[in-house]
Each structure stands twice: as C-alpha cells, then as structure tokens.
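Listed next: structures, encoded as structure tokens.
Common to both upcoming complexes is chain A, partnered first by chain B, then by chain C.
Now for the complex of A and B:
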C-alpha cells in the first residue's frame, strides 16, 4: 500500500520554489509586494523563534476545536438519521438548505448576533464543520452492507453491541470522509472569523501584517497556514488508516467497494 | 452628416485627451476627501490639463498596495500608514497635503463609549475591547498613545477592526467597550444620544496641528510625471483654499459625493485644509509610531514630504 517518498512531487515543489525565487529576484512583479522566497523563509524562522506564530496558531487551533464539538454532536445525529427514514425526513430539508451556505459567510451574522469575542468564531466553526460530518456519517450508515446487519440480526445481538460493534465500525469510512472535509474547513473558517472582528489568532496576525505593510511576514504566515492545513490533513489520514485497518483488508477479501 | 459629426467629435476627443494627462487616483468616499470633489466639480483639474480617473476604495492599505503595484498613480492614505510603509522600505511621498486636525475646533476624531458604560477615564480601558477601523493605522497608534497617557500598554487592550459605520451599533450592543471614530459618525452618535465622548480629541497625542491624511504617490512615478504631479498639487491647493473660504458651499458638495444628508453635512466638524505641510504636522506622529514600536526608528518628516509640490 505505502510507497517510497514521492520524488516527482518533491522535485515539482522545488521547481515552484525556485521559480518564485527567480521571479522575485528578477523583479518580474512589484518587488515590495512579491518578496523573494528566501526573505519569506527568514521571516518564517523569525516569527517561529520569537513565539509569535506558534502563539497565534495555538489560538486558532483552539478555536478550530469547535469542529470536534461538531463531530461529537453530528456523528450520533448522523447515525440516527441514517438508521431512521423518519428522522431524515424531518431534518433533511433544513439541512439541505443550510449546508448550501458558504460557511465563511456565517462569520458575519455570527458577529452581529454574538458580538466580537470567541462565541461567534466558535459558532461559525461549528456551523461549518457540522454538515459534512452529519451527511457523510449518514451516508456511511446507509452504505453498511446488508450482510453485516443481517448477520447481527440472525445472531440476535443486543442493541448496544449492534451500535458499537457493527454500525459504528462499518460506518467509520463515511465518518472519516466527513471529518476530512470538515476539519480543514473548520481551520479555514476559524481564520476568516479572526480576520473579521478578531483580536488574536493567525488570521488576525495575517491581517495585521498586510495592514502594516509587512509583506514578507504576510507570506510567511500564509506558509504557516499551508503547512498547518497540510499537517491536519496528514494527521487525519494517519488516524484513518490506523482505525480502518480492517476495512482495507475486508475490501480485499470481498473484492468489492463498500463506500 | 451624422457621420461627419461623429468623426469630428471623435477627433476632438482624441485631441483633448492627447493634451490632457490622466491620473488614476484611489480615494475613500468620505468627507476627508473633500478636496477631490471640489477640484473635480470646479474644474481645477481641467485647468491644469489633467483628467482624474478616480476609484473609490474601502481602505488605505488597499490603495497603497494598488499604488505600489502600479494600478493607481496616486491615492489617499492616512499619514501613519505612509510612515509605516516608509519604514518598511516603500518609497511613497506626499504629493499634496490632505486633511489636517487642529486644536481646538477642527478636531474630528473622538473616542466614544456607550452612554451607560462604567468606563470614566482612559485608565478604565484596561483589558477592554476597543474598535478601530483598520489595524496598525493612525487610529491604532492614537489608541496606543492615549492609553500610555494613563499608564496602560496597548497590549493590555483588545483591538478589533470594525468599519466606521458599524461602530456605534457595536458600542451600544455591548460588543465593544470603546471605539475610535471620526466625523460624521461622531455627530451622528451625538445626535442619537446613546454614546458618551470619552476623549473628544483622540488625535491630540500627535500635536496641536497634524496631518491626518494626504495624497501620495511613488517617488518613481513623481519623478517621471513632474508636470502632472505639480498640476495635481496646485489643483488640490486651490480646492483647499476654496473649502476654507466657502465652507457652506463645500459642505453642500459633500452631499453629492458621500452619503451625507445636507442637514448632517452642515453639522459635522470639517477637518482643516491647509495650503502647506510643515514638518511639525507629521513629526509628532512619526515619533509616536516609533515610541510604540510601529516603526523601527523615528525618521525626519522631510523623508515623506516632497518640497517640489509645495508652494
């Protein structure tokens, strides 16, 4: 399953970095608005060493934690809605309507209703993360192969065993695909709400560096954000492949897809 | 017949446009940019052979980036942002003075709190949330300087960005504890009566007379367009003189270029439109910016000033 390091990808990445450096050094774009990669990296090192970037990032990640809160609420709801046609018929239309709203948009009304502290940020992040988790969990539950449920019924297992040992593990691929959409989204929304009426966090720092003409720092923060986003995605991938070990094995045995 | 008429019109237009030089200007559609409206309506630009192509933008930093990138030739910026940009190696210079504040009756920036707020003095702001229109600009440095007068560091306050028009609502709904706002919002808030003035002259740490904002351009552009720059500066000086001499008419003009009603336009405190920038109009701000770490080191005001465009 696992391959060696992706040389092609690494080489391409280095080429892009080199192109950036050359374009900036040759002043193909206004040099003060497009600094060289090396001066951005120097800013990155400075901001990291001084603790300014890590402190701001910690604030943002804490705010993003509201995404985990969304998971805690939406996974149970998704399982319920996936099992019961009645529940989905009740909440379905509202969910379909609300989820079409771009999540970053919610930062604005949230600020009007909840003010300028942490509450509107937590609300916006919760809102953004909820729908992917809810819908993917529900789909995951609906896609459980009938064989699993029939077997459980034949063996007359207790409801709690059915839930925790059959439904939850079998729906896990769906839950994870929801989390893989929701948590990076939560990170984005956390930053956007820090830019609108925020007093701290990485989004606020980004806005401040643009406002005070500190352009290399602005790019350095964007690199921090990119690296963090990549880290979140990679972390989720690792957790997923660890907890779904059975799934890939099962897929091989059955020779069929079940997501 | 019609064909000839159109052809001669086109010819006429191309002749005039060949003679007139176009300057692309970024501005904020507020009362402080009054010179621009006056110079345009009274034909001061045309008299200098200039066509001014004006783009309304939302904030000074947007304008500065567009001027640096070359999409605009010149623009409006608060003086603090010009000083910070200079400190970071940007090469902006003042093309023409803009709006000034002068004690005691030409002060247009105030620090407001809600009417029933427990905040009585600047020292009470410790740990509170203060709304400013943009981070790191003249208003943030003013908050830092006012706080320092009461022995507070700006780090002991929470500064958030709120657009000027939303400040009063943010204050009365309790989302922020204080706001630094300017005219016409000071007058609007006073008329509504839900707020209280904590500091009527919020920019006083910068001196009794100071340059709030100015028209600026890149030095490289100024060197290449000396005639246009001088013409623009002269048109703006004439506009300043007109405003100071005919305040009632100038206020009426405001209603056509901003969202102000005539009633409000007659009530607000206008900034001062002076003929010339003295070094002392800018130096106080530069020194305070350096004192609170917004720029690395204070520098002489002359570095922002362009004597060539002064009378």
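Now for the complex of A and C:
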C-alpha cells in the first residue's frame, strides 16, 4: 500500500537514535545501563565479524527446525481432525489442556528426562509449534467452501487428488496462519529454553552478557534477536503471499471475507 | 460454533482418550524404559499434586496477579497506541517504522534488560509480559479502526457528526469486536510470557516452582506445578471465552460464537 520510502518514519527513528546517543554521551541516563548507540553498533559489528553472534544464532535457528518437524506432523493430523468431527472429539479435550500450558514450560520435564543439551530445547519447540499449526490447519480445512468439495465429488476424483489438489491448497490459508503464529513462537521458546538450561545459543549468550555486565553486547544481541524475529515474520509473509497468489484473487472474486 | 452442543457420549470419547494417554504413560513408567525418578507415573503426579495443594494456590495467585496486571497495562497501552494509529494518520506515519521494528522483538529477549532496569522483582515480570501482550491489542485496534465500513463514516459526516463524536459513536463501537478479540489473544500471551519469565528467573509463582523443582530433580513437584499451570490456563481461557461471548452478544453470532 505504501509506496516510496517512509520519510517521516525514518526521521522519527533517526531522532530517537540521536536522542539516545546524545543522552548517553551527556550521561543524562545512567551510563552503565544505557551505553551510547554507537558503541552498541560497534559491538554488533564486532560480534558479527568474529562469528560469535552468527554461530549462536545458527544454533538457535537449528533448534527452531523442530518447528518444521511439528508442521510435518501436525498438518496431516489437522487435516484429519478437520475432516472428521469424530477425531476432533476424541483428541479435543487433551489438546485443549496441553495447549493451555505455557509452551516454554515443556523444556523442564524434557530436561529432567533427556538431560541438559539440545534435546529438551527441541522438544519444547516442537511442543510449542504443534498446537497453533494443528488448530489453524483444522480451522482451514473446516472453512473450505462446500462448493470445492461438492465439485470434487461430482467429478468423482480419486481420494489422493481430493487431498492434494483440493483440500491441501484450499486449507493452505489456515496452514499459513498457523505457521505465522508457530514459528515466531518456536524462536521465543528456543530462546527461553536456552536461558533456562542451555549452554549455547543466542538466548544463553544474551543472558550471559547481562550477567557479566557486558551491556553494549547485551543491547547488540537484542538488536540481533529483533532483526531475526523481523526476518522470520517477513520471510513467512513472502512465502505466504507467493504460495497463496490464487487466494487473494479468489477472495476478490467472491467478495467474501475469508480472514 | 458447531461444538456448542455436546452430548455425554461425545464427552466420554474425549475423556476416554485422556484415560488412554494416562494408561500409556503409566505403562511407560511401569516398563522401566525410563530410569527411576525421571518420569513420575500419573498416579505419583496426582499424589504430589494433592500433597502440594496447600502450597500451590499462593503460587498460582502470584502468577495470576502479575499476569492480570501485565494484561491490564499492556492491553490498555496496546489499544491506545492502536487507536492512535487508526485515528491519527500523522501519528501513524511518524511512529509506524519504529513500532514495526520493535514489534517482532521476542519479549523474552528483554529479560536481561529488564533485570538491569527493575531488578528481579514483580516489576520485571509485569513489564515484560505487558510488552508482549500489547502487540495483539495494538494490531487489532489499529486494523479494527481502519477496517470500519466507509459507509458508516460517510453517514456520520452526512449527519454532521464532529470528529470527536465520530470517534466515540462510530469508530469505537465498530472497532470494538476486533479489540475484544485482540484482548483475548493478549491474555493468553501475558500468561505464557509471565510463566516464561518465572522459569528464567525463579523467584515466585508456579513457573518458578516448576523451575526450581526441575533443577532439584523433584519430578513429582515439577509435574504437580505443570498440572496446576494447565488448570490455571484452562480457567483463564474459559473465563475469557465467556466474557467475549457476553461482551459481543449484540454484534451477532459471527463475533460472539467463535470457539
């Protein structure tokens, strides 16, 4: 919708950055807590160049891969539960209970069971990512316009065609809304479990830099994390708008609210 | 929507699945695949839950207290900011970029910064959970205002309503359902983030109880705390659903009926 650079927004950001820099240099704020922005950026450059930040980040993102594993398990289950009311009635109460647990919590029993290391992190991420994907896929399947299914039935398509060429594409908007909730959450949960019992990863590095009072580095890592979070959201958005090109057109044609 | 009416037989099916999972769990414990003390059986969990029951309510209350305070602060802040963005284009243009930069920042990354600013007390938990739960409110309020049917605005102009009147009589009521939906999401986030902070900084609350139990290897207590957290989460969810239905009854089934 917006075209051209966002001048006002940029100017505002620059003003805030400048105010921070001046306030820090003049020591208007406690200098221990608010280092100058330039020193944070210098720290960011140094950490990136030395490979410390990218290594830690790669570790965290690798654990986030468990989120994709969750997608691989939960999309089929979501389709099944969306197609069959019986299935949802069976697993529904269990899912509702597990879903109401704060996801980062699952790192603890996993830690007890699997020891400290990557395994509890992966388990917690898998757990956290599962439910949004499951529920959104299910809702996506339930929201498939009956016209699609009726047409498929009239044409007497094979079950595999029905699944891969009708249900899966038609439920894709739901699947994507699940992924858009699940993957940022997976990132957060990976970081929390690194903070609780991890020995590496960006969350661990972040907490360590605070504990050793390396404040510029702490701010630099917060910047890295913010950029990564933004990158994940943006990447998902791009993938979604690419794979759902048909959907926006279809929505326009039907003049129907499908969000 | 379709799940409104549930017969006993249908409930039974869900309970049977829970019982099946519990039996599976007991089987795993009894078979001795898992070393002693790492995975308590459901029976032991229940026993621990009952044994700890005098201690749990106080901790649950501490968690709930902070969750609700954070929800109040973050919710109001987010709604205010979102309404500001929806109503005042200049405000939106100026701060848009800064906010979009801040929004994907995973709230838990702010824990170290929060420790520096607030120490390890209640304020820290509240500030971080409030930050996290402000964003869904912000988005829903902003989009709710922007998505108001232009015909309503035209009508208001035709009837000669002033700016303040238009905001109060047209924009706010029209954006209300979206705002309530945002608040509902926000409470879940506030709870999850509050518990995450307690896990990382185990001072007080059910999350802290779980975290210290896990580090001490007290598996019974850990699972009792998890059970309590699940129940609190379910309770919050249930209350919220009822409140949403009541608040949005006059807006018709498409808003108030959602599960």
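Everything below uses one rule, namely that the second predicted complex is superposed on the first by the 237 of 259 C-alpha atoms of A that agree within 3 Å, B and C clash if a C-alpha of one lies under 4 Å from a C-alpha of the other, contacts with A are read in each partner's own complex, and residues count from 1 in each chain.
The rule is short, and it goes like this: a contact is a pair of C-beta atoms (placed from the backbone, for glycine too) under 8 Å apart; a residue touches a chain by one contact, two chains touch by 3 or more.
In this text the structure is predicted, and so the values were computed from the model without any measurement.
Annotation for chain A, partner touching more residues between chain B and chain C: C. Looking at the shared chain after the overlay, A:49 reaches neither chain B nor chain C. Contact with chain B, but none with chain C, is seen for A:199 once the two complexes are overlaid on the shared chain. Contacts of A:229 after superposition on the shared chain: chain C is touched, whereas chain B is not.
Shared-chain residue A:207: touches chain B and chain C both.
In the overlay built on the shared chain, the residue A:103 is in contact with chain C alone; chain B does not reach it.
With both structures placed on the common chain, the touch criterion links A:188 to chain C but leaves chain B unconnected.
Contacts of A:119 after superposition: neither chain B nor chain C is touched.
In the superposition on chain A, no contact is made by A:19 with either chain B or chain C. The intersection of chain A residues touching chain B with those touching chain C, taken from the two complexes, comprises 33, 111, 196-197, 207, 210-211, 215.
Residues 6, 8-13, 16, 33, 85-86, 89-94, 96-98, 100-105, 107-109, 111-113, 184, 187-188, 191-192, 195-197, 203, 206-207, 209-211, 215, 218-219, 221-222, 225-226, 229-230, 232-233 of chain A are the ones touching chain C in the complex.
Taken together, the chain C residues at the contact with chain A in this complex read 2-3, 6, 10-11, 13-18, 21, 34, 38-39, 93-98, 100-102, 104-113, 115-117, 191-192, 194-196, 199-200, 207, 210-211, 213-215, 217, 219, 222-223, 226, 229-230, 233-234, 236-237. Interface of chain A with chain B (complex): residues 30, 32-33, 111, 115-117, 196-200, 204, 207-208, 210-215.
For chain B in complex with chain A, the touching residues are 61, 64-65, 68-70, 81, 84-85, 88-90, 129, 131, 134-137, 158-162, 170, 173-176, 294.
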